[in-house]
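Okay, so chain A shows up in both of these, paired with chain B first and chain C after.
== the complex of A and B ==
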């Protein structure tokens, strides 16, 4: 992530952030800098938010740029919009940093096309857990709004993963909105971002390093929290017995996979007929183990998902949100993802230019394999 | 219908029979619990791949009206195709047969007979499980284009064109140079015929122009090629006006020839343009133009030093043709200058052809000296050397002629990439197999002849050109259809997410992306069924016919029990 001293343009005072952002989009649509905007909007019943693609700028007044909850990862919405090719209209999306990262991963998997999409993000204070929100939407909304207004980045009211998220600010977006103490600043992270700022007739002239320093302090607090959570998760999941324990209450609903922005397969292997076996095999396994619990691929599902997607996991936490039996799925997945990504010197969502480790063939890797095979042969005395 | 599975145990002479208990295998297989409701025909035979064995198998399949077949024999690499061939003569679909390898996997590797026998039973059991899940597959026929593209119009390319062109087969002969004939036109004489090389190639080129079935493209390169044997879509580009020309062909011959290593790049030479230091090919040019070899100042040389193997150490191989042509050149010189000293500086003399030895003897009898050296250095026209006994010596000459190493033609790597064929460690086109398939490249339907796959003289090039022509004549018979591999991959459209991982993985270029549907599609004619895409597909949406998950699962189920 680009942590160089950014230059920004002040859009207005911090207290009026919602109005400022909406008016920015209105101006951008009016001057044809962009054609459409994808933003969250409260659903009519008032207890949730949905992603709305806005073409008619009068709808912008109903939008909530900073929704307190994250029911659907925006990467899902962008995928639905652009999977079959570019968006055709210049579309701006204002989404959380973890959603940006998920979108970047989907670009590499050819599920998203960003040709006509402008990615915008902001300094994210986190999202309220769905469970808490649904119980009392009005109170939670007010609470979140006050945290958002005062810039409370360490609230205990947010999702568990938000508490230890260290990538909550400037990320691989085109445009970044700094919600600093001095006001709201807009700055660019890419050529597309530069173009947007230029076309909006703005001139970045203010140094934002003071705010960047403040964010770094918050980041270090989060980092400490992250280490604690990972240490705890390591203890809880170490070894197959503990791993079983953490997932033993799983009911096999596969919700975690359905909401995961990275699980992009049309048909999950674990839901497919390929995964079905004849009863004789179940009986053989029951014989071997003494008894067999059903459905019997609960743990395999989670291990399979970790194998398939942990390299691209962005720790958005939706899996934990979706779990009806409150398994801390996101903690486990974040913990494993941190290790698999480190192993490949890869960071999910960092840049669309980084090759996915499993799709990046490097011949020297075969060299290592060759050396490995040789050494095994030598040990076994097979090397004539 | 009750499945009737034939299980045929091949003794492979003593190879299998002496290492496992075949009767016990037959008994154990016949008694398998989970095959009680199936009809089994378990038989043994001395050598199923023999003529008699194949007839026996064919008769057994027919008379027992088998629905499935398991051959417990050797590696599928040896005889899978043999048994498929037998099935094709019967009512049994060849893809309801499977081979189990009880030779390499049991008899040859498991010394304990009882253990090997038990292992064989389990492997055959696995195969029986698998075969029940196999599906009938039906071969397809594809139209095949008999035309041939030849890249490079040197002696090899021209010869191949003359041999291949006919009423039913058009040959497209291209060369990036503006004239035909390649390097051969630069030679003065030939070793064997003692005739003019220019004459020989000119005669062949004249024949080309009279042949209406050869289309010649000068100053033209291959722009792009897609497809497979029998169906290559080719685009050529004219270097003068960048115009393109498109056509279909069934085979491609690479006849791009060679280049010569710059002698100045080798560490034993130190000379400038003023010195009388010339390569063999320069002497050939002088001979062709002036019929004489003179020094740069126009005077006759008084002493000639001939250096062999310039750059051999650097390139790492013997260029094979040089000793011969240097002896030929020293012959020219001796005729011109009967009295002057002519000394060959030789590290290892390479006399590969039948006539080489007599040319060498002639040279010695004409007082041409051969100085064997271990190391040498050439500064200007003087030679310093160490012989094989460690003795040092010098040679002062006023003309140095050297033979520099034969290297791949410039642009070989780019061409190989375009054609998707492998190169060897030196950058020449790699043969499919040096002994079994010496004029084929690693790509089906793509051949390499002459110096394109290593140093070759005119005679070699002609032989290889004729060999490739013969090979193509038997593989691409005009009017005959080709039967592609049918155990290929297929994409399940409904599951494909369009991530295009498979496109990157496929070595054969057999997968393309359907932009409208946003899914990958396998070109069945190009696919070789290697299965790499199946393994790489993140969403499991590619399956390999005859290697489906249920089939593999059934096979492994028994093996790991």
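== the complex of A and C ==
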């Protein structure tokens, strides 16, 4: 990720981050810089948050820009809003960096249209596991608020994936909000962002490199943690026997797939009728080994899902949160994703301009195959 | 009804019966909960090698999947499978058969008086030693185990009388297996097995305490749902924290659609529709239709809800889905004098037209 820090504008003191953000959006709506804002809001029962698209400014007072939990990856919400294309309203979304990255991937997968969407993000301290939050909403709310206020980026109270996330700050958004020690700064990462800042009558004039340096220190702590987690996961998943052990308690609910922002298929191949087979075959399969476990092909499902989405995995960790039997899905998927993405020199969510590796044909990647194709072509006279 | 008393513990008696049926070629396999050597997890297995029958644990108190759903996906088979499943799984299977999903001829169904199951999350965390002990103790004393699912603690349909074979578990002696055989066909299958079969009927007198206790628990639990709220506001209160993962739907044995309407393109709204709603309301939740999905699912399947509680167990947001659906389902089913899973011949109310149901319309 490009770490060059653009100039920022101070919006206000750090202590009042919520009020500052809300008033920024109120002004933006009033001056018609934007028409709607997507922000988290507490659900009526008070123990969770939901994504609310706000048009009427008065609803902004109920919004909570920095929600302690991430019940749904915002990319899902943006997909449902924009899958059918552009609209007349300009929408600003303030979402976590991993949600920005998932959104960027969905653009490449033709599920999201960003023509009228302004992506905004902030330095993210992580998210509280939903399970913990629902059990103790008030306590967790306070705890998170205090971490958010003090800028505690390495709290053990956050989700496991947040603990080793190194992409928690400036990412491929249009606008970045630096929640620095010196106050909240807004800066732009794109032409759309420049336009927003200009239309909001702000003039970026402050250098943020001191804060960037601080974030780099946090990043290095996370990097160390990441290496530890990956080393452990490597040991735990090495070979099909170990891989099977990790996933053997899978009940086949496919919650991991359905909460995954990248897994966008309405009809997953693994739930489709392709897998319905003559059941006498089940007996034949059982007889080969003496027994057949249910759900059938549970490892195949996870490997299949990995091949389908690991290149775009943004490590948001929702899969682990949604697993009813506590399989550390996100650790495994993040670990594999880091490798597959490195293999293609690709980084999920970095830019909408990067081509998806699987859709990008480079003849040099398939050297051996290229030779083979040439020789077959010759034999069949196709080149003649 | 026929009866057999075998002087062995239940697990052994069932394993030997299964082994005999496999050996004699009368069944193609045995479907049961299993725990293989070196494996931490308990899941369902289709066993064809009788040497592996020692690993089946038919009465283990966990439900990784509702087996009714699993069995409904079996297409017609040459030989039947001996399926040892819980009462609610059996009832779910019966409901799937009515929906032209399951093939009943595929299975010789064995169920038992069921004490309930331990929640999946608790089981996944690893059970402390005394959890299983306490469970087994309660079951053997004919009491309602306390560490089970909310649904199980109130379940009143735990002694099925329609499966091919019924094994007495609640209040049963440890070293004697009491087995009830419901039909002559199944009795015929066991001929030559050395099991002495006599006339006899299942007596539910021993279940009296548990039945009474569960009726009370049910009232309490159903009232507690009312306390959260009623009507649309109540539904918003209960389902407001739904994250839309549809886990409840995918594990539900009754929800059999390959492609749920709510996940289909029917629910992809044009931007103009979304913007119109925004103009009216000022704000809109995304993804939309959170409560609508649950009401929709409820109207599709609640009258066939067997109350297994799998939906609650997989809900990442801890919503008591199973209690809400069970309560609504029972209320609807009662209107039609219908009990889901009671009888395979009993038609699903919405698939059956009775002229007298709609007198106003008749006029």
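Simple rule for what comes next: the second predicted complex is superposed on the first by the 365 of 384 C-alpha atoms of A that agree within 3 Å, B and C clash if a C-alpha of one lies under 4 Å from a C-alpha of the other, contacts with A are read in each partner's own complex, and residues count from 1 in each chain.
Here, a residue touches a chain if its C-beta (ideal position, glycine included) is under 8 Å from a C-beta of that chain, and two chains touch if they have at least 3 such contacts.
No experiment lies behind these values; they were computed from the predicted model shown.
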item	value
Clash or fit (per the criteria above) of chain B with chain C on chain A	fit
Partner chain in contact with A:264 - chain B first, chain C second, else both or neither	first
Contacts of A:109 with chain B and chain C, given as first, second, both or neither	first
Once both complexes are placed on the shared chain, angle at chain A toward chain B and chain C, C-alpha, multiple of 10 degrees	100
Which superposed partner A:83 touches (first chain B, second chain C, both, neither)	both
First (chain B), second (chain C), both or neither touched by A:293	second
Which of chain B and chain C A:359 touches, first, second, both or neither	first
Chain A: partner with more touched residues, chain B or chain C	C
Partner chain in contact with A:272 - chain B first, chain C second, else both or neither	both
Touching partner for A:92 - first (chain B), second (chain C), both, neither	neither
Contacts of A:308 with chain B and chain C, given as first, second, both or neither	first
Chain B versus chain C - smallest C-alpha distance in the overlay, whole Å	7
Touching both chain C and chain B, counted on chain A across the two superposed complexes	83-85, 266-267, 272, 277, 280
Chain A residues within the chain B interface of the complex	83-85, 109-111, 264-267, 269, 272, 274, 277, 280-281, 284, 308, 358-359, 361
Chain A-facing residues of chain B, complex	34, 494-501, 504, 515, 518, 538-541, 549-550, 553, 557, 561
Touching residues (chain side chain C, partner chain A) in the complex	28-29, 34, 36, 39-41, 43-49, 51-52, 64-65, 70, 73-79, 81, 106, 120-121, 123-125, 228, 233, 236-238, 240-241, 243-247, 250-251, 258-259, 263-265, 268-272, 274-275, 278-279, 281-288, 290, 313-318
Contact set on chain A toward chain C in their complex	36, 38, 41, 43-45, 47-48, 50-56, 58-59, 71-72, 76-78, 80-89, 130-131, 134-135, 245, 248-249, 251-255, 258-259, 266-267, 271-273, 276-280, 282-283, 286-287, 289-295, 321-326
